[in-house]
Amino acid sequence: MKKFLKTLPSKLWILLFAAVIFTFFSNDFGLVDIQKTAIILAAGIDRTEQGFSVTAQIAVPDSSDRTKGGTSSVNIEAEGATVSDCISRIYSKTGWVPKLVFCNLIVMGEEAVKEDVVSYLNYFLRNEYMPDSCLLAVCAGTAHELLVSESAIDDSSSIAVTKLFSEEAKKSGKVLVTSLKDFAIGYYGVSESGYLPFVRMTEQVHAGEKKDETRPEEERRMIYSAEETAIFSHGRMVALLPREQTLAFSMLQGNVFAGTFNARDGDEPVTLSVLTNDGGVKLSFSRGPRVEFSLDLRVRLCCRGLAASMDDIAGDEVKGEILASAEEILSGYVRDLYETATESGCDLFHLRRDLYRSSLSRYAEWKEALPAAAVPSYRVRVHSTK
Amino acid sequence: MNEKISSRQLYFFLACVAPVGKLVFLPTELAKYAKNDLLLPLLVQFALQAAAVFCVLLAARREQSFYDLVADMGGAFTAKVLSVLLALFLAFATLLPILEQKTFVQSVFYDTLPSILSFAPYFLFAAYVLTHPLPALGRIWDVLAPIFLVGMAGILILSFGACDFGALLPVGAAGAKGFGRGVMLASSWFFDAAVLLSLLGKFRYRRGMAWKGTLAYVAGGAIVLLFFAVFYAVFAETAMNQLFAFAKTSKYFAGITVLGRIDYLFIFALAIVMAYASVLPAQAGVSLLSDAFSHPKYLSLILGISLAVLYFILSLLLDYRFGQAVNLINGPLFWLFPLFSVLLPAATALVGRKA
Amino acid sequence: MKCVTGDLEGSKAALKKLLPAGDILTFDFVSESGMRFSCVFADPLTDKDLLGEQVVSPLLHYDGPARAEDVMHKLTSPEQRSERALDKLAEEVLTGNPVLLFADMDTAVIVGTKRIPVRAIAEPSTDVAVKGPREGFIEDFKTNTSLVRRRLRTPELRIDLLEVGRRSRTAVAVCYLEGTTKREIVEKVKERIKKIDIDIVADSSYLTHFLSSRPYSLVKQVGTTEKPDIFCAKIAEGRVGILVDGSPIALTVPYLLVEDFQSSEDYFVPPHRATFTRLLRLFALLAAIYLPAYYVSAQLFRLQLFPVRLLLTISGAIRDIPFSPSLEMLLVLLVLETLNEASVRMPKYVGMALSVVGALVLGETAVSAGFVSTPAIIIVAFSGIGLYAVPNLIEQTSVLRLAMLLIAGSVGTYGVLLATAFVLLYLVTTENYGAPLFAPFAPVVGRDLKDSIVKYHLQSMKLRPETLKSPNRRRLG
């Protein structure tokens, strides 16, 4: 017995080594390696009569030159009763196992957002292998059209669209970005509201480098914009914010550091560039709920609509009239934004959430009436750089 | 290697190894019942355990093993019975961390649900650890402490950008029911004092150790509380859907889009600590039995390997029944945890004082 | 025990019987007074000029009595002693010292005129330092001990001589500083050396197996160096040094893993530079071990370990490669190991051609032909270079790298993590001569951390390493 136990470790080592070698060379325990994988870069969801249509944009690495990689993609569409059903049909169509770990964009078609989007987004929330940092967007028309379109600026449409949602774009105030996680928090929170960027595509017509027999017509390539914002209540899209209101909302969140907006100098249009942005929405109670929107911006004159003198160009300070006009214009944007949100029933500014966090008793009293019952006030200050 | 665990190593265990098991499922489970009040039940459990740890360290003054301590007061038979019961409890308590770890590994280390065999190497590792005497782990705690601190600091730093600490308000929203359920549920993750009982007599006692050890445990608890706060601040109402908490909060760091999942480095660091921490209670159980029955070396070896095999079989049987297993442990059997990890340590301290 | 007798021919014949080899010669001569002598010596090991000058010439004019003491006074050789036992005399002949036999005398004289061909002291190829001493140990035992003595001119330096090997009878010197090295360590080393029962000791590496507490372990447990400055510095810290005749590699115990991350140069450059290079060595070594495993497990099990752009590049590069990612990496790694092994053994002029074949034919062509991918070659190339950042651990780390790759290809990243945890536990529980291998990290020895991966200024390291438990702690006034 003692002798057996003494030699046991070496025997166990041999067994272990054999097991490792066996699994190494056979590795077939449900393993889906890179060569069997469809790397889904983006998914588009549309509503159809049967249920849903999912378009998956799958990266296809370019192997023509083995010393380089590539990022071209193919779009595979499948219909089914649920999103999961569609994804499994994509698998059966391609033979590649679709992996969502790199899916960085989910686009929903216009029709799909007329109902509670969580009825199909829940697939992604349930999926442990799906990153919830993935960006969400709504698009004009169908998501399929958007994903299959040829981008004028990138190999893949999803990569081109994702560029619209960069950190830099957020700082310009032209776009509002939401991830799956943020949208879910808004949806499941007491406000039950949220927003998503609304993507439109427009055709960019340019002559091909060389006209030949196979491509007689000019190439049809698309450019994308997401200056409008779809707002949601209870998971349904309830209104569309135009670009001015998108900018105002960004400013209220204090996100704008490199954005521009137009004001007036008399009859003359001028563009101001935002250098610092302090914004906020504050709920208070004084004979009922009151909501105060505050904006405090420091700006610089960026451009005039007319020719200007060298003194004017060299001067740093923005005239008082321009600042007053900027305040008036921005106040208008914020007012419109608040009206759009309240009229559509979207608690865009999370007033219910703020009330819930500050006082449970008041929340119980006012949760149904907010945000419509809140009396708004606007405090917009625009300063010039010295 | 027959040296005793040093006081520093013991503090490292209390501050850096004991907390790691509470970072996987517990945040999610607490968010399910206690919602934004998840810190309160956690605080209660930490306070109870800190008191129990203090009691055990008070009893440690006599530098006797748990068995000897009880035998001095209640005789050898009582000591044997209590040692067996405590060992059985520790072996049972190990089940939850192992099952937790299994699901964690299958989700975090693989893109698709892997074969059940992918977790099998863990049991080889467990067998290896279980066949080592408990004091041998003292040195590994020296290594694990900085690994834990670096891993935790990395995860917290990368997570702060996505935090909205307002999500933790209002205090008391879950009500007494949510709080009570949270306290009950969290019990299954708090048995550090019971593990510490098995370490009695295996570490060198130093003056003021009870206070210092409790402080170390409280420091570890503070790190866990901070992590729970960050976790809920990141996920708010969706927190109850976020399994494997410590692998989730840091992925929203802006640099990840450029650098890839650099947070995995920190997750891996914590996973190494977790691999040791999860098997520790079972090892403590083996050690208790060795003390009680003066096992020859080979018998203790066989016991360790048998336990590893048993856990492997249980993990196969409970493969898709993790939820049920957790419900069983948290539900009808939850009282075992306060019994062995709060009341028994308190009683041991009393025995230690009287004897 | 057979001894020499007054019968010169008889003694000579007896000695020749013990040493029948053809290169054992005898030289007979007669003094002016008619006294007969016979010299027995090993032809290749004896300095014959010296023998003629210091032994034969003085004795030609000898006319004194037939007594060994009187004859020895006549010899001009500084090394000489008398001996009667034939087997002892035979041993001396074999070490190169001639034996002088006399007619009518029952004692022989051993004369120290051996001449062993030795190479010049040169800079060792494995321990190169840009700054600092360039001397290295050579195969000659005496030269090596003289190099040590020159650096430690203290009566406390003890060089205890032992002999190992039933046939080789190799001289082994156990060097330590009396009062500085823990007595128990010295005794333990001597005890282990004395217990060695082996027929020959071809090199000091033979001894390492007997000096380790876990002889079957992959982990190194005995320190090695080719440089006398490092050897002496280690002895001065409280270690025991072992020199073996015929080997330029000196051994030191107790060995700590951290030693191999230190280079002699670290002590000749500013501390911040030394710290940086040590961290770099650590990083390079970890990268060398883990990078191939990481690459394979990411491709097989967890794509998210790559940033998306990198993944697409890799995905493009490996498309149409006929092997699985794990097999591809294993093949490239084996090619690297083969190239490495071949280039060490090959003559230098062929080695140049080999590196061209390795780099161009196997690398470039294999990628063009679609056998292997560019990323795999890059990973293995980096790993190959990284391993040499800590050259003293090559034997261990190259095996570890292969093991990690096999585990990664079998069960993925978690397997690699568990293997790491296993190795950590193994390392921290290994100790030799009472010193934990993983000190000063586990157990943490705060003061010793000053010269570990970080390097403090020399002035702040007032005490010798605590891990070595030296009875004389202070080294800096």
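For this structure, a couple of remarks:
Labels A, B and C are assigned to the chains in the order they are written; within every chain, residues are numbered from 1.
As a working rule, contacts are C-beta pairs under 8 Å (C-beta built on N, C-alpha and C of every residue); 3 or more make two chains touch, one makes a residue touch a chain.
Keep in mind the model is a prediction, meaning the values are calculated, not measured.
Of all chains, the one whose CA centroid is most distant from that of chain B is C.
The interface holding more C-beta pairs in contact, when A-B is weighed against B-C, is B-C.
Nearest to the common centre of all protein CA atoms is the CA centroid of chain B. Centre-to-centre, using mean CA coordinates, chain A is 64 Å away from chain C. Computed from the mean C-alpha positions, the centre of chain A lies at a distance of 39 Å from the centre of chain B.
For the pair chain B and chain C, the distance between mean C-alpha positions equals 46 Å. Counting partner chains per residue, chain B shows two or more touched chains at residues 111, 114, 117-118, 124. Those residues of chain A in touch with two or more other chains are numbered 23, 31, 37, 99, 101.
Of all residues in chain C, those touching 2 or more other chains are 301, 303-304, 308, 407, 411, listed in ascending order. Residues 107, 111-115, 117-118, 124, 166, 169-170, 172-173, 235-238, 241, 243, 251-252, 254, 256, 298, 301 of chain B touch chain A in their complex. Residues of chain B touching chain C in their complex: 1, 6, 8-9, 105, 109-111, 114, 117-122, 124-125, 128-129, 132, 136, 138-140, 142-143, 257-261, 264, 268, 271-272, 275-276. Those residues of chain C whose C-beta lies close enough to touch chain B in the complex are 301-308, 310, 407, 411-415, 417-418, 420-422, 424-425, 428-429, 431, 436, 438, 441-444.
Those residues of chain A that touch chain B in the complex are listed here as 5, 16, 23, 29-32, 37, 97, 99, 101, 125-126, 128-129, 131-133, 167, 179, 181, 184-185, 188-189, 356-360. Listed in rising order, the residues of chain C touching chain A in the complex are 216, 299-301, 303-304, 308-309, 311-320, 324-327, 330, 367-368, 370, 373-374, 406-407, 409-411.
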